[in-house]
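Here subunit A shows up in two complexes: once beside subunit B, once beside subunit C.
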Partner chain A sequence: MSFPESLHAAYDVIVIGAGPAGLAAAATTAEAGLRTLLVDENSAPGGQIYRAITTSPLKNSSILGKDYEAGNDLVHTFEKSGADRLAGCTVWSLDRERVVGLSCGGEARLIKAERVIIATGAMERPFPIPGWTLPGVMTIGAGQTLLKSSGLIPSGRLALAGQGPLLWLYAAQILRAGGHIAAIFDTTPLANYISAALHLPGFIFSPYWTKGLGLIREVKRAVKIVTGVTRLEAQGKNKLQTLVWEAGSRTGSIDLDVLMLHQGVVPHVNLAMAAGIKHEWDAIQLCFRPVLDESGNSSIKGIMIAGDGAGIGGAESAAERGRLAAIDTVANLRPDALAQIPSRDNVRNRLAQTMRGRAFLDHLYRPSKVFRIPQDASTIVCRCEEITAGEIRASIAIGATGPNQLKAYRRTGMGPCQGRLCSLTVTELMADERGKSPEEIGYYRLRSPVKPISLAELASIPQDETAIKAVVRG
Partner chain B sequence: MNHTESTNEYDVAVIGGGLLGSSIAWGLGRLGQRTCVLDEGDVTKRASRANFALVWVQSKGLGLPEYTGWTVRASETWSKLSDEIKAQTGIDVCHQRPGGFHLALSEKELEDRRLSLRRLHNQPGATDYKIEILDHDEVKKQLPHIGPDVVGGTYCPLDGHVNSLRYLRAIHSALKTSGVDYRPEHRVSTIEHRNGEFKISTEQGEIRAGKVVLAAGNANMTLAHMVGLKAPMSPTRGQILVTERTVPFLGFPLTTIRQTDEGTVMIGDSREEFIDDTVQNLPINAVMADRARRMFPLLNQLNIVRTWSGIRVMPKDGFPIYDQSETCPGAFVTCCHSGVTLAPNHAFDIAPMIAKGALDLERVGAFSARRFDQIQVQSSGYY
Partner chain C sequence: MFKRATNHQEPAVQITVDGLPVTARRGDTVSAAILTAGCVEPYRYTAVNGTPRAPYCMMGVCFDCLVTIDGIGNRQGCLIPVSDGMVITRQNGKREIES
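Presenting the complex of A and B:
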């Protein structure tokens, strides 16, 4: 793929990410007549939740479920809207002037927009147990990507471990596709059932109630479940062989070929952080999230965030938040077109409906400390540079007060993943060790490129006299 | 000697925990001085985390010949420093001195380089050392991967490099084992000299010390006035690109490209007056990437995994400042651009002078800030 001829040099709106929030936002601004570009890394639209919605080889729609099919409507509305779509394109930079750095087919470009809507969604929370880097251990999110895009189910002895809606959904999908799961190790802390109970009324009136219980029942009929799990360790020489587990006083082990881990999702903040957008610690969802107004405006003028990247809310609320951001954009750039798009009040009401039951899920699936902050000194935290929890604690002892001095001491977060897989663990571990809040400890200072680009691509973006003067000297 | 966190009295308080302050504090600790290092927190302007990690001699000293000698001395004592640090902490900071290159991409660039080196060499009082001026073929013998655009370059056998981030961890580890208190999150607001002692207000209370060393980079500009000193600075911003790891292909550091012991390739270095290190100028990154690939076409395929901008600590004329206060005896100011290159001098030369209570003017008198009272000297602190 490469940049199409039809691509404009500037846009009214650039939307980054073609999941539910991005599709809805781009469709809405384009319907209002704003010149809109939707950029996405994947070749097909849908994001993670509706991954491969237009291309999935799974013809039997009952495997992935009815909710997955909802992605079709979003894609159709988008396709009719007149927005440009740039697929297979990586966004590697975004600055305060709303210049977006794009990379496509080995070429890089800078394109400016009046408004940028970041809809980069969520990523899985790290799950740093001993042995989580062994071949054979992967995340449920990765497993589901393989299922949706290629119809693949794991072969060999499989167990799932962790908690959260995705775990049960994926388990059901695997079973429906004819797969087998040897066991599920549920790490939901038992105390969470009590704190979540306070939020039960909202949940009972949400669609999650019947859907969620139905899924769990479907899985429990076919799979052995171990609840109240308090410790997990993946063991094996060069690949996964055994999972050793504890659940209070009960212990056991099981031989496995594949172990899939998942303990919820968190906002994917790298691009927004690198742009310099202000973030804050969410003490309930246990993650950083951008500081936004009701429409999704960030601390940088003209840059908005919608969808799970703005705080986890799920696919349906993501689409509504995408529309809300789009309406604000239209109100600012082309107010006379507001009549052509849904009203702010309608979208707000629908958003409120989709958020019902969220508080219950947030409290129920709050992962326990032992699975967020590695207790064993030898557990790897930064996978790229292979830095352990013990080495991080030792760095604190010689003076590292936060992730950035740690990065200088130990290279944590300097690898190709740019800190995606270790940042939350590092912040929480340092906060715990120093007796501070994660907000006080802070996050890595991120810079472009937020995704690697080749040196040739970087060299291909336009140079100017000032830049040349700043570099060349005798 | 181990101090508890509650100790707030020291022989010497060093303000600034970067490479310069830490190297001096370590030198003081070796001499048995009760020393603390007062540093800021996790996010602050830290040249020690943003530098290019060269231990560099060629082209330094135009305008102040004593700087050439001071730099050559550092190049010659770096291995002593790395050996001692390794013995104390077990950390190998990977100091190497294979000599270093500067490459030119046009005849004009090569000619400019030749002229500035000649002027440097012709200065009375400059330490003499060897620099070779090479054409394309001569460079290619040592750097087989250069591209056709390289017209030539210069080579100096005294040049080298080090893993400067690892040195930061190593020197902080060494402070700990030497009993020097490294105290982060102790940003200094005021320093008072009363009854022969310095009272230093920090965000975590007052620290008292018999002597104080200002090693706070560009912030020395503000701190120096509090103790009757001055430190005129003119910071600049530089940007650096880093590639993913690759097989070793570059046996020598260059002024603008070096391969680290970990396998990544660092590409520098720009200079701007604009000093916001939270943003970057992308066209500058493009120029640096473009020049780098013309020097080594194989770099084209490598991924850039990180880029950053950092603020250089830069005295107004580019040369180090080492000075002592007449009105507040026991107060010293130390600033320099080359905190990596000069680390051994700070540990082995400057620290003992401070322990004694007076700078040795025979050796470092040329670096007094009094030079700014006289004429404006031309900057040559850059590579």
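Presenting the complex of A and C:
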């Protein structure tokens, strides 16, 4: 894939991410007649929830469930809208002037937009346990991605560990696909059931209630569940062989080929942070999230954020937040077209409905401190640079005050993943060790390129005469 | 590590991994093809300490799926779909400068 001839030099709107938020946003601005470009680094649209919705070998089967099929409507509406789409194209930079750096098939381009809507979604929260870097240990989201896009299920002995709706959904999907799960290790802290109970009324009237209970029942009938798990350790020489677990005073071990971990999702903030957008610590969802107004406008004029990247709200609210951002964009760039798209009030009402029950889930599935801040000194925190919790604590003891100083001590966050898999752990570990709040400790200072790009790609950016003259002497 | 849950009707795609022929299916990513083929383990060795690793996130955030594809190194195998004739090489530890 490389850049098509039809690509314009500038757009009214560039939407980054083709999940529910991005698809709904781009379709809405294009319907209003704005020149719109939707970019995603995946080859097929759908984002995480509707991954491979147009190409999955499990399409039209009962394995993935009805919620998955809902993605079809979003893709159809988008395809009819007249927006341009760049698939298999990574955004590696975004600046205050709304110039978007794109990389596609070994070439790069810089394209400017009047508005940019970031819809890069969420990623799974790091799950740093001893042995989590062994081959055979992966995330539940990774397993589900393989199932949706290629119809793959683990071979050999599989266990799931962690907590959250995705764990139960994937477990049910694996069972329906004919797979076997040796055991599930549930890490939900028992105290969470009490704090969540306060939010039960809102949850009972949400669609999650019956759906969630149904899934959990379906899985519990077929799989052994260990609840109240307080420690997990993956062991093996060159790959996973055994999972050792503790649940209060109970302990045990189990031989495994595949262990999948999951403890919720957090906003994927790299692009927004590198653009310089202001973020704050969310003490309930335990993550950083962008500071936004009701429509999704960020601290930088003309850059908006929609979907789970704006704070976790789930797929249905992601689509509504995408529409809200689009309506605000149309109101600013082409107000006479507002009549052609859904009204702000309708979308706001639907958004409020989709957010019902969220507080219950946030409290019930708030991950335990022992799985966020590694207690064992030997646990790897930074997977790229292979730096352990013990090494980070030692650096704090000799004066590292925050994540950015720590880079100089240990190179944490400086490998290819650019801190995606260690930043939350580093912030919380430093906050814990120094008796400060995560807000005070802060996050890595992120910079573009947010994804590695080769010099050959940079050199392929077309230059105009003034740019060339600016560096040529004489 | 993985097997197909369905009688996959998608057309076959032929690739090589470290010279070994691997049959994938259209729609597979490079990482999915390698994890299903089973003949190449471990998936890679890290450049820092030379420890074995395999794809962890399958969504482009962890970079544990890095492979060389058609001569270009450090590509995220979990994001790139297979195509016929693709030549994949595993990355085993640090790169050496060839003289």
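The definition used in the following text is that the second predicted complex is superposed on the first by the 459 of 474 C-alpha atoms of A that agree within 3 Å, B and C clash if a C-alpha of one lies under 4 Å from a C-alpha of the other, contacts with A are read in each partner's own complex, and residues count from 1 in each chain.
Keep this in mind: a contact is a pair of C-beta atoms (placed from the backbone, for glycine too) under 8 Å apart; a residue touches a chain by one contact, two chains touch by 3 or more.
Treat the numbers as computed from the prediction; the structure is a model and nothing was measured.
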item	value
Partner chain(s) touched by A:Ala337 [first = subunit B, second = subunit C, both, neither]	neither
Which superposed partner A:Gly415 touches (first subunit B, second subunit C, both, neither)	both
Touching partner for A:Met138 - first (subunit B), second (subunit C), both, neither	second
First (subunit B), second (subunit C), both or neither touched by A:Ile225	neither
Subunit B versus subunit C as contact partner of A:Arg473, first or second or both or neither	first
Touching partner for A:Gly178 - first (subunit B), second (subunit C), both, neither	second
Which of subunit B and subunit C A:Pro452 touches, first, second, both or neither	both
First, second, both or neither for A:Met355, with subunit B first and subunit C second	neither
Partner chain(s) touched by A:Gly399 [first = subunit B, second = subunit C, both, neither]	first
Contact residues common to both interfaces of subunit A (with subunit B and with subunit C)	415-416, 452, 454
Of subunit B, residues touching subunit A in the complex	17, 39, 41-43, 46, 48-49, 104, 109, 111-113, 115-116, 165, 168-169, 172-173, 175-176, 182, 184-185, 241, 243-244, 262, 267, 269-272, 278-293, 299-308, 382
In the complex with subunit A, residue positions of subunit C that touch it	1-6, 8-10, 25, 27-29, 32, 35-36, 38, 41-43, 46, 48-49, 51-64, 66, 72, 74, 78-81
Complex contacts: residues of subunit A adjacent to subunit B	93, 95-96, 99, 101, 110, 276, 395, 397-405, 407-411, 414-416, 418, 441-442, 445, 447-449, 452-456, 458-464, 466-468, 470-474
Residue numbers on subunit A that touch subunit C, as the complex places them	41-43, 48, 52, 55-58, 61, 63, 88, 106, 123-124, 132-139, 141-143, 145-147, 149-156, 177-179, 238-239, 257-258, 268, 383-386, 415-417, 420-421, 452, 454
